């Protein structure tokens, strides 16, 4: 569960709506069905022109990742790899076969299976890295869908506002209604800019961060599996893999603050 | 048939026009011939200055791709390659010659012909990759034409609106007409922003996605043809090529959701 | 003669001016000397600060390329190379010497001369590729001058409009003149946005397209000259070089539609 | 202590506030709680959606770097390396062991330890460069957080202003209050643009500059440690490492103006 | 002396100021101390937050380059290299030692010294290229300072204008002063956009062009010094180095139009 995505959205709507009410506005004056049609309908229509159906169908899955995904702790992955390395050294590579079905991760299972099958190390690396590069590309496509929405939404907002102004200015008979009518026209800009900057663009970024964490864990797996195949010492393996992590993430008792390639910018 | 392109355009125009009518506007007040001249004429003129005639002539062909292209199912391509590999192992490379004319794809035919002609594998790869890189560049040029239109259109809209305002502000005698005249001026902005964001930019993106799918299929072909030349086992060939696909696209019974390097971001 | 550049400019000015007149504006109200001074003078001044004198002096030459350049037909270049290859195989490399002076292209002449002089193939490639990379860089500089103008012009337009508004708003005595005065101020924005989007940016793009075509032809020359030096078969040479062209450009009877690495996006 | 960061912020607020007061404005009219909620609250909410919790928690640490970090003098690092090289040549590599605990820098300690442990030079380089690339990536993430804030803040300002205008225009009963109400609405734009351009974006840039300096010092360490392992002459080592520095930074008596890869653009 | 930088600035201010006066404005109405404080003070403050003190101190030196730098004629550098090559072939490498002190350029002196000292060619290239890459990075930092100023200045202008509008709209008692007060507010936008587009951004570009010329000359030096070390023939050396120059720059009698990798886009 990635609490920040949903919490950020709630906070953002709360700050904006709260400030509007504090200034004395009626929250209902921020709701307008035609502006929503133009901005959200228009954004979706533009996305439809730009993106094949197969990818549009993935949107719910992708959203689920942004809201609930929690990457695996890389230390656990390293521990698993160390256990496998120990078994391999003690009982031989073939002894890993019965462990394969205990894992969920298809990528990891495939890697271990290749090693058990005695595939050449060069080829194992090449197959796993090809697969990883396609995983990365798929992740990027998911993030790009939301980046595109973040680009279309504000322009749809402008279109809605311009259409509102066209309508207002064409019918100036009742000057008293001019103000409220222009106010209505601006709601579209509001929807466009707010949806892009509170939702679409931040979600695209969250997806990219998650993808990087996933990719890092898979890089750990590739290095680890190849080391196991080469019969390396389990302790050295653990040392080698921990270089991939931020210094503060290298020990288990700080689990709460642990991170994968996190942002701590301390001297070392 | 790529239904999303045409459907997205219809939906987009529908949402925008529908919202305008729901607010009480007359749909006819959105049509204005001078704004169309400035925005669509100006965009085309700018495109003409920026792009040689040979490429402008390709626009109808390129548009057809955005609206109707459906990429080949990569699993079918893999199946064809497996069949060829089986023939090659059973009857020898030369037996592939009679299959060549049964294919439509020039790129694939050329590749198989090179193998049948006994060209050196290194050279086969080099020729096919050079050809693929030029195919990619041609695709990019097609997408760039629409990206350029997406860049020119909103500025032409601004030009149209500024020219409208210049006209209006120079002739203020009749204040009552000021509102409708300014409304008319804004139609140009509307045309520019809407054409760029509902049509040109999304079409450019659709073309890029289609190009990536085409290129992936051709990469499959190159790998497959070289493996056939090397006399690899057809089963191993199938395994190797499926790494190029998203996990959900690797089996045939999920054909409806199949995709090439699609967006499913699941764990493996 | 590249008819599209001049035709596009005429069409662009025609569409914009025509629409203005159709709306009932006087075409003379679009001409304003002070706006022209600010936009075109300011753009040129900014260009002068950003670009050394040697490069500014090249502007007329560069413009001539955008308006008149027609790249050589790559098929003719291939034909020439095939003729040279035939001579070289029949009469030896040295027989090429007397052909050198029949060519106009300095790059091509230098390449053939290096081969005749018996320079090592590695060095021939290295010298020709270095020269090509400097040609490319020179072309880029030419395009960048117009890209910079396309960046400066709209901001100069904004400066002109702001200065106009400052003048107007400082002297509000005669309210009746307010409208026409603001109209005048907007002319600067019009000049800036229109010159950037109808001329400077499209011309920069045309120069880049032309450069790519030139570079492709020179790449053909490098490959061809090295193949001649290696004594390759003229027929194989022709086949090898045609991979550089779009499929529709590979035969001579379609000369009118022929293109270098053109935009046809057909399946192969 | 990096005095420029805090000084720049004070100066910036001073110039802006001072100018406002000089024009006769009351400084209190620049404070508005709802605008602050929208801009700062909204920016933080967007950041929360876009960034995982682990990274948000690093913000105080990262800010501390922007305000207080002073990179180590690279000449001191070179001196330390020369001392180590001298010890290593005189007493052997193992003699370095007792020096390890005298250093603070984890990265440096790890490097020396690897050499003392007799790890293969290739592997030392690979481990140290992998670690450095992850340090760089962590630094980049820190800078990106502030770059994102610099992107969100102005759009939140626009949202605040549009919401203010919506409120004002919906309630035009009291025309006299129109001006002050619009003024209030603009405060949000002011907060958004000013916070982005005086704080978030410059801080992001400062973090990047600091990161480059850190990385350069670590590159010095890698080169130095590997040279020590190779038993190179301490004097040659000093010469070799000083190439990494700007010419004006290579001698100690100019310590005040010394810089790491600084901006002096003199001829050599 | 690079006359274009100062001339361009004078011309730019002349065109803008001249046009304003021609429209009947008083030139003094363009001067406003508070707008200058906000735009220039704010830009400087933002630069201070973003850039360490060591680099800020380099600004005068960098500006001097933009205004006065004239790169050395690459043909002179080639001549010097040919002379050195001739001496080296006639009297041996060691004979170059007495020439070292006759040069001003530290980079060139260091290179010749390395050769005289008999350092391994691989190492000479590596040291010189490392030094060149740091020179390039220092140049880039100089240009980036002005690019940043070009990014901050217009936003400071917007801040100034918004603050002016806030002040004006909060105090609408005297409607007659509204126009002039808004005019004053726009001066800040004028300062921001004009300083960025007439000064900061063009100067950044000029610095980049100068840097490229410097780097090209140093690449000539590296190639030349290594050829001398290899004992190459002085005539061949001259031929080889001239490939780095534009064709029109290869002969001395056109010295006035000579350029380094200039923009002449002629066919060869």
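For reference, chains read A, B, C, D and E in written order, and residue numbers begin at 1 within each chain.
Everything that follows uses one rule, which is that a residue touches a chain if its C-beta (ideal position, glycine included) is under 8 Å from a C-beta of that chain, and two chains touch if they have at least 3 such contacts.
What you see is a predicted model; the values in this text were computed from it and never measured.
Undergrad: Shortest hop count from chain C to chain D along touching chains?
TA: Counted as steps through touching chains, the separation is 2.
Undergrad: For chain A and chain E, what's the span in angstrom between their mean Cα positions?
TA: About 41 Å separates the centre of chain A from that of chain E.
Undergrad: If you average the CA atoms of chain A and of chain B, how far apart do the two points sit, in angstrom?
TA: Here the centre of chain B sits 25 Å away from the centre of chain A.
Undergrad: Specify the contact topology among the chains shown, as one of line, ring, star, complete or other.
TA: Shape = ring; chains linked end to end, path closes on itself.
Undergrad: With touching defined as stated, please give the ring order of all chains, chain C first and chain E second.
TA: Read cyclically, starting with chain C and passing chain E second, the order is C, E, D, A, B.
Undergrad: Can you check the complex and tell me which residues of chain D touch chain E?
TA: Against chain E, chain D makes touches at 2-5, 7-9, 11-12, 14-16, 18-20, 22-25, 29-30, 176, 179-180, 182-183, 186-187, 189-190, 193-194, 196-199, 201-206, 209-210, 240, 243-247, 257-259, 261-268.
Undergrad: Which of the residues in chain E come into contact with chain D in the complex?
TA: Of all residues in chain E, those touching chain D are 33-35, 37-38, 41-42, 44-58, 61-62, 65, 104-108, 127, 130-131, 134-135, 137-139, 141-142, 145, 148, 151-152, 155-156, 158-160, 162-172, 184, 207, 211, 214.
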